[in-house]
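Sharing a structure below in structure tokens format, with a few things to ask.
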């Protein structure tokens, strides 16, 4: 870590000097800072940018960071309007392609159509901490574009660039444990998006015991800041409730005796990298690492939330037409409306079977308007090739879980030999692979709600573009 | 290093398993391995590639590595023909752009025109050691394209990708010294392209003494393999001969007392990264680092070869028309034809002034057919903003130097405060900035050979595309 | 850290195997575990111990750790009685020395008189984590010897051994900051003995800000466990109250602009190393490190508690004979008996001058029964060559400080050029070096209490044998 | 490594300053430097030494290093004469012991008899690089004491101290491979004492191949300088000739397929640590490490020289009385006198059986004047618990091996389950454990040469005090 910051310091020194040379005396920039920034961008793209690229990019990023929100947005808009492709060159390229559509013409078309801001973003990366600043810039952009749809195109530029820079080939897997530097650990606390970590003592309970593991992906340019991490419990059977996993009075297991690895929380860390998918790679890598370290492990399973269930169930309960729920189901489900039903054993006993059956329908037959499995977490794990293994009523009794899913949790099973086939079934045929007991819960006779089987089904990366911080485990 | 290879091992384990799953039973690939490879590439680009990308890319790269040369080339050609853009999509994008040439249409045009092989190359990078293998693949490609111009377009794809991946923001500067692991040091011996390192003892003399330094850029994915390195001597004055720098019986200097840092050798290491320019950044970074470490250093200078001089002088001597040389010059230069003139003090005394004057003309007025300064090393340093400081007759008496430049060496001076202006002069106005004594050697009156001042002057990165291994110092 | 534990694992593997070989079938040890342990110790000292030393020592330490408290103590007593010197050999050595008291006879006398348990302790160290276990063993011993004075001699053996093993030449200085692994940081929280750290957030405030530093000594064999650490605040002037240092709403200083380094807390960490002095070396090393890093620092000063002051003042107030206090002083000091005087401005105003004068006397003229400066913290810093710089009334208003010193704190100044002379004055002449304003507070005329000037004055290491955890800053 | 030297630099800075303070103006030391040094030693032992120990010890060691050889020796002699125990205190301690020989009196006797120079040596260790300098000092001492027996006693002090400081518990095992820093590797080349390493290329052949390993012990204070290392070849059978192991045209083995680990070279590195035994621990640790890494390994064996064989055989051939050799044996052995017999197949065929039988006798029945097994390498391995496994005629045809052992090499087998018993047999009963085929070669009837079975047999550490650099493998 030290060497990283030393290096950062040195870069700083270089660019400080460079900037002094470049910009001494140009203080009338203040009159129109946006205009000045735009000019600097033009210089950075010019040949002069080659000699002074580091100084120029540092200045631009620094100044942008110090702008107020409105001006930051205004600058991003100028990137869209003032740094698109060179139209004259593009017209010529189109013409040439019309004459001879060979690879050269094609390539020239590709290059001519590349917005100049893409090269600009690449050159911004010359600045010390350039990558990090660009990730922050996109984080801001994602918020801004809600009200400014013209920024969508710039977001696509960022996404394109980041997909290349954050290619899995460049990521490093590191274990997070109680010997990890505190500045990284405090980020784990902050980024945890599924099961809140309330204090350092709670963090310790997730990292220090012999039957706990945590792994994260890092990028060389964001050395102290994880991209995504997964928390794992080593157990002897598949847990049905998060409280069993997290309770601190449990008997700790000798890791070598565990048979089961439970992925109970996955969190994306960088809002600015939304849509760049790491989770699939992370889970598979961790499965392999754990198998290597602990050869007795034979079951790899998640304990996952079901964030879309309660909303779906509400709709089903309200609708007249026969569908997922029978009239009798609806009657029994009325117990859900009673406050504190979760601590009333009678209510729970009544609800357990009907919630389980409804959930089976939700996963196996329920589909959203685009024909997709409704639950984003399910889409993530099924798209990765896992199968739906078990439905757990009252797996999570936190307020949030009760609100989102009436406390339901499920397990997804990662069985290496089936991953490929499961993935094909899900992606290729829109089929949900589930364990036999779950499949049996869905009656073959009762007609399924008409599902709009549309051709273009968005794949496993889709969920992350919705709730990037929370497709967890 | 260990952790790197451990990680590599793990990746290997994952992909081994993945491949077993994917390709069991498909052994009839052997019938048409190229066809099979192409199919794998199609799969890798499909949605299935998302679940099994690591296994697929590993298989493809492995198989390609094991092909014979002819089939390797055949595969690369198929990349050009079978993985260009989707023409239907492209036609549609052109049409849409015709209707409304806004940013969205432009972006779609850019994306539609992107050859599919670019995404393919990005996915290849998922394989363990993917980046390294791709660098080796391009190395092969550079040789192949000499006889197969249709591969030029694929080379452009590689260059585009590498420019992004090897962006200076991702490089790490490391000092190379006598505590550096031997497996890296043996690469320094192998890659040194300017002043041959004959043995480990010679290497030791360049790294271990207190008045020597060496710095290299590394990329996280090629962890034990440098991209470029520079060797530095700390001295009290500007040396005129390489033998003064390398002699092992010199008195070693306490680094803290040095006033001058001499960059006497720069070598690019990765043929597969030809055209991706690192030298400019490396020199400037090292200047800053040294200034930090040794505040007494005030002069930063190279001791550089002049590889184009002998060839140019031959032409000048042969031509009748008055130009760089007067008749008297030519007479005096006849001494060069005498074998062993370099060890004949009389011949040297006679040649010294005329060689110096001719060299001044060579740098200041000589231009190649494209109007550029002739010497590639000069173009590199002048393009970086250095100035031509001194001409040294018999600076290098090795056979190679005598053949290339009649033994001439020069010093380029890096003065931080002038770099920007010098760069502008050279790039913007095609002017060579040189020290006053050199400028005085070129007579104002004698008409310069007509220089074809063409508009588009290729910049400082050009030399590297010629002799990537040798623009050194 | 990983490599350490890996190594530990391997040692474990070796010794596990070794023990299996050695002790299979000897389960009747359980009958008389102490007897069995003693036998193992004899074996360890025999030649057989050379081949199986690691296994034997591991077994012995393991078994000892698992004994109950009484048996642990019984074993330590056996070390005293059963493993003293070989009397026959010793008698012979005394005789030989009588004949010829040359160096050889002397050496033999030294060796013959060495209790065999010293070699035993050295061989215990062959076990994995041997050093650590021995430190824990002595920790237990220090408690036990209160009621078992015969163990005193064993403690001397430990002290002798540890003085050699924990020689300053073997210690490593490491900076503790917010990038330090959490398992080390939690020890900092636990070991802090002067100004309690209540939470990780409070720890962060002491480590993360740019104007804070913390340094610790480590020993290679206790890699994750500090021996002693010091906390430093970088400021622009000498603080008089700990609350000024620790307040979290202060304006943070750019470290480069600080002129003063304040050592506001020093804590010994290992009770088992009591009497082995590190503090002197630590402070001086840190002074040098900080001077190197921050050349503007010119003042190095502590902010220290005065733990003996309240007790001394009580005695003085109670005694009739004229001494430190005049009758008028005593009248004014009555305000101390009023509860909450510290928050009563009038009381504080009245007490301030008299407390200051009394404190000056306490340091300059007060002496304990052995003729030493009374305050242990004062003895530590004065013995290190610091001088008493300033007395701060109500420097610490915590309950503990009010109880120990009526809230008084003082500053000791470390001025490198004077350290040697100050040390000489204190050690050689029992003189307290203090700043002029403090010296002026002590009237020259009023006769000092008769000080028993005994010849043998115990030096600066003495305090640590009293309150090892708390001589701090 | 860097941090080590940084730390060294800082220590340097401290002590530079300290020394300036201490010794300014005392330049008349030059008149009698030894006297001045002695005075500094007295100061270092005084209480003042506690405040300025680092500066004082640094000065003393520096000055000693710069003395000429004669004065260095004179200083060491003064350590013997001027820094022995305090005789008055010692007499008193003897007297007290006479009155009551309890543990306290004993301890006081031990302390009083400790030469003051032992504490002095411990304080020398405060200097930066103190440990290293003390090791060098003893290296010099070992040479000097040949002509100055009065230094023997000082050597005992060093040995006592080093046995404590270089306790196996403080050593770190590190693998040496082709990624090891060059400055350590050049020491491997220099220290290799058994099978000369002629160049970096030869070194590479011993470290880089997949079927080679090398391990070394390091001490934290000599971080870049190994104490002892062992070279290992991974094979499929027990080799009989060193040329088979070292040949570079052999087929390399996949490490995972090896069944046998051959320790073919062990070298002690630090002459100054002679007599401090590491080899036993190193071999056993490496055996464990390799078993962990490569579970298929089942045989751990050396390929070792027999340095005492040729000298012994010469004596046997010359003696008339029947002993190891029959008359017929002597006749056949005459072939040894023929030059180049080793390359004459006929001579070899004739010599093979008789050399083998003689060697069996040499190991099993031959004893030196002290009743010990003659061969120092044999004593080392047998003392470690290995057994003599095989005798290899012409195992090493180098000039040196032909001279020392007529080219004979042997294998010692380390079988973990037998180590304890073998060790007991050798140490306890002076029995050589050998494989059955070797034992059969020694006729039961022919009377053994009378062996002086003396009671006190010196153990396995003895050999190292003879040829510390060469008990190898």
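Letters A, B, C and D mark the chains as written, and numbering starts fresh at 1 in each.
Please note the rule applied: contacts are C-beta pairs under 8 Å (C-beta built on N, C-alpha and C of every residue); 3 or more make two chains touch, one makes a residue touch a chain.
What you see is a predicted model, and the numbers here were worked out from it, not measured in a lab.
Least step count on the touch graph, subunit A to subunit D: 2. Residue numbering at the subunit A/subunit C interface overlaps substantially, since over half of the positions present are found in both copies.
With chains reduced to the mean position of their C-alpha atoms, the one farthest from subunit C is B. The geometric centre of subunit A is 51 Å away from that of subunit C, both derived from CA atoms. Subunit A and subunit B have Cα centroids separated by 39 Å.
Within subunit A, no positions touching two or more other chains are listed. Because contacts link each chain to exactly two others and close back on themselves, their graph is best described as a ring. All chain pairs that touch, listed by label, are A-B, A-C, B-D, C-D. Listed in rising order, the residues of subunit D touching subunit C in the complex are 7, 10-11, 13-14, 17, 21-22, 47-48, 50-54, 80-81, 84-85, 87, 90, 94, 97, 101, 103-104, 106-107, 109-110, 113-115, 122, 125-127, 130-131, 150, 153, 156-157, 161, 163-165, 167-170, 172-173, 220-221, 280-281, 284-285, 288-289, 292, 383-385, 416-417, 419-420, 423-424, 427-428, 459-461. Residues 1-2, 178-183, 185-186, 199-200, 204, 208, 224 of subunit D are the ones touching subunit B in the complex.
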